[in-house]
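Pasting the structures here.
Okay, so chain A shows up in both of these, paired with chain B first and chain C after.
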Partner chain A sequence: MMNFAVKLSNGFGPSGCETEIRELIKQELKEYNIKFKTTFLGSLIATKEGKIKDQRVIITAHTDEVGFIISKINNDGTLSFRKLGGIDDRILPSKKVVIGRKRTKGIIMFPQIHLFPPKDIVKLKDLRIFIGATTMEQAAKKVTIGDYATFATKGEIRNGQLWGKALDDRIGCFVLSEILKKNWNIGITGIFNSQEEVGCRGIKSALHNAKGTYGLAIEGTTAYDIDDSLDISPSTELGLGPAITIIDRMSIGNPNMIKLMEFAAKKKKIPFQYKRTATGGTETYFLLRNKQGLPALCISVPVRYIHSPLGMCLETDVKNTISIIEQWLLELEKKVEEK
Partner chain B sequence: MNLLIDILKTPSVSGYESGLKNVILDKFKEYGLITAVSPLGNISGKRMGTFPYTILIDAHYDQIGLIVKKIEENGMIRAQNVGGVDPRVLFNLPLKIFGNEIVKAVVATKPPHLQKTKNKNKIPKISEFLIDTGLSKKELSSKIRIGDPIFFDVEPEIMGNYISSPAIDNKGGLWVLLKLAQFLKSYKAVPSVILRATVQEEVGCRGAANRVDDLYDLAVVIDATFATQHLADDDHTFPIVGGLTIMYGPNYSKKINEKFENVASNNHIKFQREVEESVYGTNAYRYSVSGNHATCGISYPIFNMHTPNEVVAIPTLLSIVELLTNFIKKFGGNK
Partner chain C sequence: MTINIKLLRQLTQAYSPSGYEDDISKIIFDHLKKLELEPKKDLHNTVKITMGKGQKKVLVTAHIDEIGIVVNHIDERGFLKVSPIGFQYDEGISGSRVIFKNGKLGVLIKEGNNNDDLFLDIGAKNKKNAENLLPVGSFGVFVGDLIELDNNRMISKAMDNRIGVYVLLKTIERLKTYDLQNEITFAFTAQGEFSGLGAVTTGYSIAPDLTISIGIAKATDTRSETDNTIFLDQGIVIKVMDHSLIAHPLLKNYFIDLCEDKKIPYQLEVISEGQSDAAYISLLNKGVPAIGLSIPARYTQKALEMVSKSDVENAIKILYEGLKGTLI
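Right after this comes the complex of A and B.
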């Protein structure tokens, strides 16, 4: 079951270049009676009809990941680049990347310790990617300015853990895909958004193309549960189940929807936790404040080391996230039918 | 090429070289060399000649890495460096711990969302990093112990004429040595040749100080040197496309260097001169003072030295093989 999650994690999809991820999802969901539509900004809208005609849940997850865009080919054949999304510059030196349509392999170079004193921190503008070319002409055969790039990481499952890149938010895409595979009385519109990491841009345009009455955003969120000398709290912890966001920097979850989620969890004895930091923002903000303003909330899978080449989440947390959403949908259907 | 990838993938952190030792020993034996292993782990393969002149060719086969220093209550591991590991390349780096079994891990990094501004430019000490295996202390207890070696879990990557990998320094040199062993198999040698793979260079050229071999007349040390790259382009770096370097300085014999340069010119082998004024850079300093013989150094420029992705031009490595085989042939003998 988790194989598709690994496939999604391995997919190429820096913000602004999510085609491969969209295709993976369409392929996976093609036999499930779903209507697809792609927006100009690259969000994939997956509509599934239910018996209940006038009510519909919009569930979002984003397909993009933090990555890079090539900004210059230098005389020595190396490439300069800019970041897409929030990446700690310190993780970049000596990482492998994959670039552009040809999926060219590259290495972020780092001068040797002997010649570059340890107190110096390399700046983004001084980082270069080596692709096996030593002249501008050689490099131009493999890449072009404007090519997108991401970390070259091959994901895997081991010890019940999913290790890989881009779990923020391919793990959300995986959960949403699993939800869409099942049949529901209430209509479901799944939006696999583009460009979340560069300012939730995909959802802003996608919501012009989708109508709903309730909203849910699925995320892969920060879990730094490994150190007790913390800057701030660990945010979430692995193994405690999906995390409900009550408040973050951009939004406050709808209290009734949160109550319904807690009720669903307790009824089925599904473990859950609350996200304990109010940093960062999610697509929930746009669900809450778009034209109609939907009652919406955010639920997340705790992930260690998001926004880096290698992160990790637990299979059990992922499965519990699917279960809690399924039960929430059942409770929501009941509530709607009672009305 | 497969042999190069094999030795790159076989870990050999300084002091923990035994896994690679047998690979080298088997190759030396396969090519009919007379082998000897020193207590520290140096491996010699000798080809007897008919002429009273002996050439020793040295390449160290250890690599930089880490060792397990402490296992915290929550299963996080703290490590100590072996050799010159730069903490600036450790962030979120995949690792392999070689205990009772191989345990994969990653260096933990705090996502930007949770960082305090004042810590954003801080580079921690190596012992301050936490290494995450995803396993608890209890689960780890049967798998790894304090003192187990840790390697960078980064696969070699061929990029046209170039290959990237951890430990190109000095498995590139070791590959040259194994290629020379292959050459010696079919060469009726005039001078005697000793190929010597040495240990513990990265922690102070200790292996090369451990002398068990016969006497020799010339010692040639093969090692990696700095390729010119952005932020590292002073007079001590060499273009990666410029070919091998011939070392000059107090350690090295000007007379033999002249011969090397003649052989290179006659065979259209690209070379550049490298000055090493500090005598402690490579194993050459051990040889130059360990007996009454000449010492030379041949190096190959690499990018990103001492990072998990060192890069070498494969043609440069092959040109060192060509230079040394032609140098040996010049003494006479047949093929």
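Right after this comes the complex of A and C.
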């Protein structure tokens, strides 16, 4: 079941270049009676009809990942680049990347310990990507300015753990795909958004093309449950189940929807936790303020080391995230039908 | 005209941090019912009432939520790490008392120079004890009764923006029997201190031709301020420019001319901070002419905020006279 999650994680899709991810999703969902539409900004809208006609749930996940864009080819054949999304410069040196349509392999060069004392802090503007070319002409045959790049990481499942890049938010795309495979009484509009990491751009236009009465955002979120010596909030912890966001930097989850999610979880004994930091922004913000306003909330799969070459999450947390959303949808259907 | 202290106390003392405005929105809803009006409440707790008929649709807003904190983490010794909602930590926050929905109290303490050094002590003995009293995700607001001081001044928690709510309620009361020339919707909006959610969703559903938001302006006549431009007792503040909005020139001139004409004192504000409902609404639909009118308040974004009764009375007067007219 998780194979598709690995496939999504391996997909090439930095912000603005999500075509491959969209195609993977369309391919996976082609036999499930879903209508697809792609917006000009690259968001994929997947509509599934239900028996309940006037009520729909908009569920979002974003397809893009943090990555890079090539800004200059230097005389020595190396490449200068800019970041797409929030990546910590400290983790960049000596990481493998893939670049552009030819999927050229490269490495982010780094000042070697033999020559530079390790205390020197690396600055993004000094970093270059080496692709094996030694002149500008050689390099220009493989890449052009404006080519996208991502970390070159191949995902795998190990002992119930998913190791891979881009789990923020391919794991959300995976969960949403699984939800869309099932049949529901209430209509579901799944939006696989583009360009979230550069400021939630895809969802703004996508919501113009989608109607809904409820909203849910699915995310892969920070889990810093690794350092016991610091008595600080880990935000979320692996293994405790999906994380409900009460508040983040931009939005406050609708209290009634949060209650319904808690109720659904307790009824089916699905473990869950709360996200325990008020930082970060999600697409929930745009769902809450869509038109007259939607009751909306955010649920996340806890992921260690998001926005890095390698993240990690647990298969059980992913499965519990799917279960909690499924039960929430059933409760929502009940609530709608009672009205 | 005098201030209805009982009503203002009820408004200021309601527990209603951003996102959890149930209490204040019920008080407002019931008050409007008592005035024999037909208010409506939306899913995000914004209360609305529409009066009058006419060519133009006017949206007048005041946000109803207050600044607060949310519990993020409880450490082994039972201290609570919290995040501010709608304000920035600074020197004036340490020592402030905080109350939660379940009635539990705590005090914010800062021990050190970083904002990370701020924590909440609720008297818990250890982590488990604290978790039972106040689980992660609990929202708290400041504690501070409404006190009347000398020279017609009043201080309370949540004066931002319950004083704006008060002004709107009193204006509605006075306009109730008046034959208005425009269709005016008064909206008591949710999450004004946070994301402007109530303003955006109300602005979308009303689609107004112009909008006015009532808030508070930082009075800069305090001891630490060197740039004194806004003063208590010197009248309503017409917000010419803030961080997020430049007042629509016709609306600005309308209110300046009105103040001059009716001999109502006013002050003009140009600042580089600030966010208001009007700014959010101004960007909606095809764009909406917008302006903010404010009551000057000392110590904004702190536990206690001070206003003057004379400014409140003037605010009601200008809003009443302004809305009676054609506007622009």
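Rule of thumb we're sticking to: the second predicted complex is superposed on the first by the 335 of 339 C-alpha atoms of A that agree within 3 Å, B and C clash if a C-alpha of one lies under 4 Å from a C-alpha of the other, contacts with A are read in each partner's own complex, and residues count from 1 in each chain.
Keep in mind that, in the parts below, a contact is a pair of C-beta atoms (placed from the backbone, for glycine too) under 8 Å apart; a residue touches a chain by one contact, two chains touch by 3 or more.
Computed from a predicted model, the values in this text were never measured in an experiment.
Student: Should chain B and chain C be called a clash or a fit once both complexes are overlaid on chain A?
Tutor: Fit.
Student: Per the overlay, which chain contacts more chain A residues, chain B or chain C?
Tutor: After superposing on chain A, more of chain A is contacted by B.
Student: Does the superposition put A:T277 against chain B (first), chain C (second), both, or neither?
Tutor: both
Student: Using the touch definition from the top, say if A:K269 reaches chain B (first), chain C (second), both or neither.
Tutor: Neither partner.
Student: For A:G86, decide between first (touching chain B), second (touching chain C), both and neither.
Tutor: It touches chain B, and chain C stays clear.
Student: Tell me the contact category for A:K53 with respect to chain B and chain C: first, second, both or neither.
Tutor: After superposition on chain A, A:K53 lies in contact with neither partner.
Student: Quick one: is A:R289 in contact with chain B, with chain C, with both, or with neither? Answer first, second, both or neither.
Tutor: In the superposition, A:R289 touches chain C alone.
Student: Answer with first, second, both or neither: which of chain B and chain C does A:P255 touch in the superposed model?
Tutor: second
Student: Specify the angle subtended at the CA centre of chain A by the CA centres of chain B and chain C, expressed in degrees to the nearest 10.
Tutor: In the superposed model, the angle at chain A is 130 degrees.
Student: To be precise, I mean the smallest distance between any C-alpha of chain B and any C-alpha of chain C in the superposed model; what is it in Å?
Tutor: 9
Student: Could you list which residues of chain A make contact with chain B in one structure and with chain C in the other?
Tutor: 231-232, 277, 279.
Student: What residues of chain B sit close enough to touch chain A in their complex?
Tutor: 74, 76, 84, 86-89, 91-94, 104, 106, 108-116, 119-121, 123, 130, 132, 134-135, 154, 157, 159-162, 164, 226, 229-232, 234, 236-237, 240-241, 303-309, 311
Student: Hey, which residues of chain A end up touching chain B in the complex?
Tutor: 74, 76, 78, 86-88, 90-91, 93-96, 105, 107, 109-116, 118, 121-122, 126, 128, 130-134, 158-159, 161, 163, 222, 224, 226-227, 231-232, 235, 277, 279-280, 304-310, 312
Student: Residues of chain C touching chain A in their complex?
Tutor: Per the touch definition, chain C meets chain A at residues 18-20, 42-44, 70, 72-73, 75-76, 81, 83, 85, 136-137, 191, 194-195, 197, 200-201, 204-205.
Student: Provide the residue numbers of chain A that touch chain C in the complex, in ascending order.
Tutor: It comes out as residues 231-233, 246-247, 250-255, 274, 276-279, 285, 288-289, 291-293, 295.
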